[in-house]
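Here come two complexes built around chain A, the first alongside chain B, the second alongside chain C.
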Partner chain A sequence: MHIPDGYLGPITWIALWLVMIPIWIFAARKLKKDLKTKNVPLLAMGAAFSFVIMMFNFPVLGGTTGHAVGGTLIAIVLGPWAALVAVSVALVIQALFFGDGGITAIATNCFNMGVVLPFVGYYIYRLVSAKADVSSSRHWIGAGIGGYVGINVAAVLAGFELGVQTILYPPVDGKFQYFMYPLSVSVPAMAFGHLLIFGFVEAIVTLLVVRYLQQTDPSLLRASDKAIQIEKAKKVSA
Partner chain B sequence: MEIPDWLSQTSTCPCCNIGVGGKKNFVEKTLVEIAGMMERSIFSEKYANSKGFLQSIDPRVKLITILLLIVTTSFISKAEIILGIYALTLLFAYLSKVELIFFIKRVWLFIPVFAGIVAFPAIFNIVTPGEPLVTLLRFNETIHFWTFQFTEISITKEGALGALLFISRVATSVSLIVLLTLTTKWVDVLKSLRTLRVPQIFVLVLSMTYQYIFLLVRVVQEMHLAKKSRTIKTDMTRKGIKKEQNWVASRIGTVLMKSYKMSDEIHSAMVSRGFRGEIKSIENFKIRNVDRIWTGFSLSLIFAAVWLNYIV
Partner chain C sequence: MSEKINKKFWIVLLVLAILTPLGLLASGTAFGEWNSKQLQQTLGYVPDGVKKGEALWQAIFSGYNMPGFGNDFMHSGIGYILSAVIGIALIYTAALILGKIIAKREEER
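Presenting the complex of A and B:
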């Protein structure tokens, strides 16, 4: 889902930079207020983790492997705003040093995988696991559904951003300018792979890791609860 | 000391599937990927430390000019101009003492090759109608397939030119960024982000992340090596796969727990050394004449490219 340079025309990537810059500024202010000095090491480790999770090859039937993006998992443990910054930082490092994802497309990739994926996944998880005990099965069920839906929404969005190029930049002299397939091809193509394969990999990884955390260190799952309680308490006092 | 031949030879191991070519399982795949990533980052620092042309340019100037060139490449719609910029990246790679074969391989493998696969169906008239160059198949009736309809299958001039533009734009963008990171130490790249008004906090998180990635990757590598050295044969049945999936998930969970704990410890270490949330960094970059010449050159290159594209 990492869109490289040259796939998107300037209108699309400039628009997404304009969307992302205020989101990043808001996230940075919010985290600084909530976490004080703790935010720097926590975000750095979160970003390093979100980079490393993609290195884990996950065995699927038939000897094939896939890997998870982990956006939902990070949002469950660190909260969605921290996940946004952590995933963005990991994506910037991938684009700069490992050539994975484009420079002009950084904002687009951060929007798909850093904003949409963790927020959708996280709120579905919250919805399913609301008020459930930490050891409850609703936590891992919610995590699995959140991971599955989150990655699919992000993939369809990426398909839309790619497919809309043929409308924004119609062929000049019959020659296509940027990504060449229309929405009717790009959206189903992205949705197909994710609905059938990558979505399940993401769901199973998120689910199994949450279940593992429930058994070994449930305090990590309560961490985001605490942040929300603090938030609520602040709202009440304000 | 020289290594005797018999020691450097690899022998196949008949009793197990370790290191014996063929289909790799997920443990080996992960190890190979990690080794590749480590190698790439070590190689980058190797070129950044040699004394070439781009290495002598101030990192801030280099970062800004190369980013501007990538943005320009995105706006340009004539393949000739983009290929011209690509040729210049090869020239500057050569002047910066980067081995050309390594540079080309590093750029082309994966992303532009993938772009080629993506663009391949678009050279046919089904996606891009136009003047046929080579006709492969002709049908007697109009065929409807998905959202397409066609009476023949042929490679069109428009399709081929479009694919050329697409692939050259992708390859040139990748070349430019690879050129930047190969010839600049990552510490300097990150420090230079400050001149782009990226908030200090992001730059600090970025540089800490980059360091801790290698620590966590080492942890992951050790987990997989430990697993590999204890594995005789991977169980490929449904039950076996399920067990392996649980293993991967538990390792991801462990890395997550480890990094969470570590962030606590790092925080204490930072606070005990005087960290209050504000960071001051020493910037010892200096603009010299070579930087002014390079800036002048790249700006005129950008103007020339835009002029040739839009006005001529």
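Presenting the complex of A and C:
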């Protein structure tokens, strides 16, 4: 899902920088309130974990590969805004040092994997686990479903961003300037691998770690809940 | 966070880093991440944007390999493990610094 340089035309990648810059600023402000100093190493661990699991490529029929991201898992432990920052750090380092994902496409990739993926995954997790006791199986089931849906929505969005290039930049003399397959190809192609394989990898990683945390250190699962409860209490008193 | 989980996390991460060459067994390229050579083969041309895009930035550990390493499984595998370790160190440090800058301001208020 790491879109390289040159696959998106300037209209798309500039638009996504304009979307992402305020989101990053807002995330920093949000974390100023919610992120405790003692949880900073946890944020860094989340970023490092996401990086490593993205290196595990899985094959899918048709000769392509893909991987999990771990964004929903970070969001469950630290909240979606922290997940956004953690995944963004991993994506920036991947682009700069490893050539995985383009420089111009950093904002696009951060939007797909750092915003859409963890936020969708996290809110599905909250929906499924709502009001359930911290030991309830609804937590790990919700985590698995959240992980699966989150990465799939992000993949379809990436497929859309790629495919729409053929409309924004139609071919000249039969040659495309940027991405070359229409939406009818790019969206199903991105969905296929993620629905079939990578989504399940993401789901399994997410639910296994959440289950492990439930059994060993449930306070980590409630870390983000508490911040939300405090926020709600503040709103009520204000 | 307990010490036990902290220690376990780093052990798991180290094991994962050592296992990363397994990712090389998956042959093929992710959809929409082909290089110009692959595009030349499938399309018969390389889109102008992709040509310019490829020339934009040369990452030192491009393709999660070490500079000067070959593409045989042995070198790619070692390159992958080294990339994982370097990446973990870079990302952990960057996120730690960024997180501390953000969290520090809160304490100053």
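As a working rule, the second predicted complex is superposed on the first by the 213 of 238 C-alpha atoms of A that agree within 3 Å, B and C clash if a C-alpha of one lies under 4 Å from a C-alpha of the other, contacts with A are read in each partner's own complex, and residues count from 1 in each chain.
Throughout what follows, contacts are C-beta pairs under 8 Å (C-beta built on N, C-alpha and C of every residue); 3 or more make two chains touch, one makes a residue touch a chain.
Quick caveat: nothing in here was measured; it's all calculated off a predicted structure.
A.B. asks: Tell me the contact category for A:13 with respect to chain B and chain C: first, second, both or neither.
C.D. replies: first
A.B. asks: Once the shared chain is lined up, is A:48 touching chain B (first), chain C (second), both, or neither of them?
C.D. replies: In the superposed model, A:48 contacts both chain B and chain C.
A.B. asks: Is A:180 touching the first partner chain B, the second partner chain C, both, or neither of them?
C.D. replies: A:180 contacts both chain B and chain C.
A.B. asks: With the two structures laid over each other on chain A, which partner does A:4 touch: chain B (first), chain C (second), both, or neither?
C.D. replies: Both chain B and chain C are touched by A:4.
A.B. asks: Which partner does A:94 contact after superposing on A: first (chain B), second (chain C), both, neither?
C.D. replies: second
A.B. asks: Kindly classify A:116 by the partners it touches after superposition: chain B alone (first), chain C alone (second), both, or neither?
C.D. replies: Touch status of A:116: no partner.
A.B. asks: Let me test your reading of the model: by the given contact rule, A:57 touches which partner, first (chain B), second (chain C), both or neither?
C.D. replies: Both chain B and chain C are touched by A:57.
A.B. asks: Looking at A:193 after the superposition, I want to know if it touches chain B, chain C, both of them or none. Which is it: first, second, both, neither?
C.D. replies: A:193 contacts chain C only, not chain B.
A.B. asks: Just to be sure I read the superposition right, which of the two partners does A:33 touch: chain B = first, chain C = second, or both, or neither?
C.D. replies: Only chain C; A:33 stays clear of chain B.
A.B. asks: Which chain A residues contact chain B in one complex and chain C in the other?
C.D. replies: 4-7, 9, 28, 32, 36-37, 39-49, 51-53, 55-59, 63, 65, 85, 89-90, 92-93, 95-99, 102-104, 175-180, 213, 216-217, 220
A.B. asks: For chain A, which residues are in contact with chain C within the complex?
C.D. replies: Interface residues on the chain A side: 1-7, 9, 28, 31-33, 35-37, 39-49, 51-53, 55-59, 63-67, 85-86, 89-90, 92-100, 102-104, 158-159, 162, 169, 175-180, 186, 189-190, 193, 213, 216-217, 220.
A.B. asks: Write out the stretch or stretches of chain A touching chain B in their complex.
C.D. replies: Of all residues in chain A, those touching chain B are 4-7, 9-10, 13, 24-25, 28, 32, 36-49, 51-53, 55-61, 63, 65, 68, 70, 73, 77, 85, 89-90, 92-93, 95-99, 102-104, 171-182, 184-185, 204-205, 208-209, 211-213, 216-217, 220.
A.B. asks: Note which residues of chain B are touching chain A in the complex, please.
C.D. replies: 23, 25-27, 29-30, 33-34, 37, 40-41, 44, 67, 70-71, 73-75, 77, 106-107, 110-111, 114-115, 119, 122, 127-131, 146-147, 156, 158, 161-162, 165-166, 169-170, 172-174, 177-178, 181, 186, 189, 199, 201-202, 204-206, 208-210, 212-213, 215-217, 220, 236, 238, 241, 244-246, 248-253, 255-257, 259-260, 262-264, 266-267, 270-271, 275-277
A.B. asks: Note which residues of chain C are touching chain A in the complex, please.
C.D. replies: 1-2, 4-5, 9, 13, 16-17, 19-20, 22-33, 39, 43, 45, 47-54, 56-64, 80, 83-84, 86-88, 90-96, 98-100, 102-107
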